[in-house]
Amino acid sequence: MKYSFFADYSEGAHPEILKCLVDHNDDQDLTYGNDKYCALASKRILKRFNIKDGEVHFISSGTLANVVGLSSMLKPFEGIIAPSTGHINVHEAGAIEAVGHKIIYLDTPDGKLTPDHIEKAMLTYEDEHTVIPRILYLTQSTETANLYTKAELKSVIDRAKFHGLYVFVDGARLPMAFASAKSDMTPEEFGALGIDMFYIGGTKNGGLFGEAIVITNPLLQPYFRNHMKQRGAILGKARAIGAQFARFFDEDDLFIKVAKHACDGAKKMYDGLVELGIEFENEALVNQIFPIFETVHLDELEKLYGFYRYEKIGNDKQKIRLVISWATPQSAIEEFLKDVKTILG
Amino acid sequence: MKYSFFADYSEGAHPEILKCLVDHNDDQDLTYGNDKYCALASKRILKRFNIKDGEVHFISSGTLANVVGLSSMLKPFEGIIAPSTGHINVHEAGAIEAVGHKIIYLDTPDGKLTPDHIEKAMLTYEDEHTVIPRILYLTQSTETANLYTKAELKSVIDRAKFHGLYVFVDGARLPMAFASAKSDMTPEEFGALGIDMFYIGGTKNGGLFGEAIVITNPLLQPYFRNHMKQRGAILGKARAIGAQFARFFDEDDLFIKVAKHACDGAKKMYDGLVELGIEFENEALVNQIFPIFETVHLDELEKLYGFYRYEKIGNDKQKIRLVISWATPQSAIEEFLKDVKTILG
Amino acid sequence: MKYSFFADYSEGAHPEILKCLVDHNDDQDLTYGNDKYCALASKRILKRFNIKDGEVHFISSGTLANVVGLSSMLKPFEGIIAPSTGHINVHEAGAIEAVGHKIIYLDTPDGKLTPDHIEKAMLTYEDEHTVIPRILYLTQSTETANLYTKAELKSVIDRAKFHGLYVFVDGARLPMAFASAKSDMTPEEFGALGIDMFYIGGTKNGGLFGEAIVITNPLLQPYFRNHMKQRGAILGKARAIGAQFARFFDEDDLFIKVAKHACDGAKKMYDGLVELGIEFENEALVNQIFPIFETVHLDELEKLYGFYRYEKIGNDKQKIRLVISWATPQSAIEEFLKDVKTILG
Amino acid sequence: MKYSFFADYSEGAHPEILKCLVDHNDDQDLTYGNDKYCALASKRILKRFNIKDGEVHFISSGTLANVVGLSSMLKPFEGIIAPSTGHINVHEAGAIEAVGHKIIYLDTPDGKLTPDHIEKAMLTYEDEHTVIPRILYLTQSTETANLYTKAELKSVIDRAKFHGLYVFVDGARLPMAFASAKSDMTPEEFGALGIDMFYIGGTKNGGLFGEAIVITNPLLQPYFRNHMKQRGAILGKARAIGAQFARFFDEDDLFIKVAKHACDGAKKMYDGLVELGIEFENEALVNQIFPIFETVHLDELEKLYGFYRYEKIGNDKQKIRLVISWATPQSAIEEFLKDVKTILG
């Protein structure tokens, strides 16, 4: 296989991240996240998002970040409003339900929730016989490679607040939302939207492992580490995640730079495929694109490249997913385009 | 208020049930459901449904019957396919999720699942990242007062079996499904459909309290009492539920007789209202009917009768729910019809 | 078998309780515990215990009362201090752990906790790596037929409060604690001890089924019905429990009268056996006694009477448990004593 | 502070481990543990322990390894027998109970369970009203720096098997059990004892993060990854753990070498302190030692070194914990001994 476009976490860590792990390896420091790296990373993250009175914690995986973060906000009989495409609803093996909470999921045309979705979900609440909706769960950028605009986010968050909901943003690919050429939002602006808790993905953006969860609402901060510990989410050497995020949020904005490489690569791939006459249903917003190929061409393409066959379109076509990562070299994209051209004949 | 048509559990117990509780009160017997009444009730129920190798247990409430029954069949990462209108999905405060399981719910036009719904739900399963659908949950008669025909039940159950699903029937109002004038199924025929577990409601059919859960699949019987105990579902004096069900399933088929009174009453009410020009979206199948009144008439009607305002229809009309119970006297129905006539003018 | 001394729930209901169920059977009323019987029972219970601002709820079984009551007071990482003999620790199939909470259990010589036990349990708490002890769980009268004196209760509760613990009393046999000849406490005095939540057993004191849970601490009252519903603990006809407790707490103090019959019977049995030379390790405090027989005599006795073989004492003796219930006639006790005399020779 | 003896995870990774992360960083490979590093590490681990038909999985933290491993073996009403000092009982914030299972904990004089403890625990089981003991949980080396001999392990495991229990070994510090000068067991011998599941700690033995869980019992292997995913225990880049363990289990037995450095250092420290007249209750078995100092000396010592004050002994003395890690240089031990000598005067 020449190259895999299967995922943005098929390699180890970005060289700068790896370097910082090496550089900081030998110091003795406190365990369980009480170290200077975690402290520095927290400070830098809060500054970059311009969040006062926030708290940051470091967790090894996205699913665990969702489980701990969401469950920490809920009473046993409270639930979460989410799009049906949300990661917690489809790709976490029922992790949220396993800790006791209902996901009130809603079908969406594009993976994004609107104020109307919230209204619909709120109708399910009657009294003690029904789950109380308490959290609005959003993903930015979405699992379907979509982006909320600032105005869209604002309107859905405002409606959530009107109904007394907390807002949680799954940011497994949040850096791409700032790095996208279509982004209309800075981290500072994102930090001012009234989100109660969100997490910033490391794994899919060049980190070796680990995600940073940011609690902007001070009422949700007490006992958070107890929740983490009980779910197995405090690492003995959490310092290793802290060090990565301290580097990501150093003055050069590495977390955005790295994501930009991926988003720009996806745009380049998109433009190249369009030029070759390949159809798309959506434009390239972040680092995943979904070209529609004639099925007959895919077998040959699959001999050379890794990718995910997403969905059949009619009898003869198939949508595939190409993920461009922080690590994808320009040459891999160019080679792919050349090979597609050859295959299409 | 002259009479409440709010629910079919607004009174105590049917006189025959009450009498049997009184008659059997003084005997000493074993505790926790190991008594002769529970044994007799089990035997009679299995005989009436013609189920060999079945087991019956007695549980105090329908929600608890659902929680214990469904969770006893599942590994932690397995889930339940249900209609979005299913009682477990909307009116049990997230009880199923509270014991760790996802409900994969599907919208239906009429509260009934079809083979196509199962196909759709099965598509959500991919690998260890997704919940494994393991149970098909149906309600007969449905929460929306609908009835599966025998052919419908058979086709949806067969499809479930094809996919390796267990089938669970919530029978909070199962007696009505046999008592309905539209029923095309006997208990014996129901028992032969391949359902793995179901429960027979007592509370809504003249019992004082308690439901009977029937496990037809012998593989699901071991440890069931451990599941029950852990959920607080074994009563010290389970004999009191056993005695009621022994009476319900005595030779006079009291469980159907009692339900028939309710279904027939609903039909009488339906016919009377139709005659007065009241609209319905559905015919009367069991013991709940949903007439559509002009909103202006409801305030006056509500001074005289209890009922549930179900749904607004446009600006001027409202669908209400009238429940006829085992206890509703003919006179209450006649009086209601007379008063409606007066109010309509 | 002439008579069973196996349990105090081997019969149906006390005649007065049965009568009230019959008397109140036909009224229409609100469902799910919103009826006039529950309201009246609540009022009478709060008055009898002289509790202002309290709330009462009615639950079908003791295990469910413990599960709902205790879990409603806890955050996920908080635990319960209990004696190792506590019902929640040994006879509820792990029901408390099943809803997520640790029981920090302590060995006691007599089933009763002291301030020193609390100190020992509090030592287990360090930081977010350890469970936070949050509830003191006591049983009065205890599972081992023991009684806390008022002074003992006060000292252990005061120590609990000093450590910021809630206090929960499992009162499956609370009525016996007031009915015992050794009782030094009235319900009013019990109500003034600073207990946050307790339940009053019906099942073991002549009720047909159902327990009354009393929440004295107003901070613990909100959302209690949501917890109940999610655990399947709201009965459609909760009115049937309400009616029983309204009768128990009517002006004639039936709940104590009924318990007194049992306690007095146990004392009579105890005195009779002592007279026959039978040994005891403890005096008769409530309605269970534990005579020590020579094992050779038990086989013969077991042909005539039901009882539980509790524990072997050395090679030749065995402690048995005799439970005298609200229903035990004097004649059964007298007959038993006569038969023991004959067997002993 | 000159040096911290607080923990064996106060630094980053062992240089060889760090090097392998760097060396293998750039390859593209499959995600979620389906990569070649995890495959290689599995193969090497199974070979080193001489386990046929075993399976290995890689999990980010010890608490998560315990939660996933133990819960995967249990039905909801089954529990775990453990020493009261067990990590799952005291330092995981109730993580096991949070996923629904009771820990039946037993006091031990030395952190080690014996066949008698198992007998005592088995007595708690009666019927469906009690938790069913199903797993024996042991730690090797123990939380209290103790070691089971091979004969001790064998006898306790054999008794567990006699009672139908599974055996799980928490091996957060398992490498030390082979590296100790007092070890009487090889990995191969350990692998032949009949243990059903165990995990090998990386974090405390020079890994950057991650533990390897070994399932020797083939009946416990199906669906394990589903359990992992549901608890957030599958990392996108699990390859990073795989690479570390592939290195640990390379031909030079790095996992033992690294542990030996720590154990030898602890012995050197122990011998040096004994020479200075410092008392110990136990000899140095692994890499933690517990010297008893006069309290007056500790304040001064604490200005220079980090350590944990474990327990007061009488009024004037205090037991402290010194942990020697894979990273501790000889010079730090020598310096500490010199400073103690000075302080003692």
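To keep things simple, chains are lettered A, B, C and D as they appear, and every chain counts its residues starting from 1.
Here is the rule we use: a contact is a pair of C-beta atoms (placed from the backbone, for glycine too) under 8 Å apart; a residue touches a chain by one contact, two chains touch by 3 or more.
Just so we're clear, the structure is a prediction, and the values are computed from it rather than from any experiment.
Asks: Can you check which chain pair, C-D or A-D, has more C-beta pairs in contact?
Replies: Looking at contacts between chains, A-D has the larger number.
Asks: Of all chains present, which has the mean Cα position farthest from that of chain C?
Replies: Between chain C and every other chain, the largest centroid distance is to A.
Asks: In whole angstrom, what separates the CA-based centres of chain A and chain C?
Replies: 52
Asks: So the centre of each chain is just the mean of its C-alpha atoms; given that, what is the distance between chain C and chain D in Å?
Replies: The mean C-alpha positions of chain C and chain D differ by 43 Å.
Asks: Could you work out how far the Cα centre of chain A sits from that of chain D, in whole Å?
Replies: Using C-alpha averages as centres, the distance is 34 Å.
Asks: For chain A, give me the residues that contact two or more of the other chains.
Replies: In chain A, 76-77, 92-94, 98-100, 128-129, 226, 229-230, 234 touch at least two other chains.
Asks: Which chain D residues qualify as touching chain C in the complex?
Replies: 76-77, 79, 90-94, 97-103, 124, 128-131
Asks: For the complex, which residues does chain A have touching chain C?
Replies: The contact residues of chain A facing chain C are 32, 71, 75-77, 100, 128-129, 132, 223, 225-230, 234.
Asks: Under the stated contact criterion, what part of chain D meets chain A in this complex?
Replies: 3-4, 6-7, 9-13, 18, 21-22, 24-31, 60-67, 92-95, 98-99, 203-204, 208-209, 226, 229-237, 239-240, 306, 327
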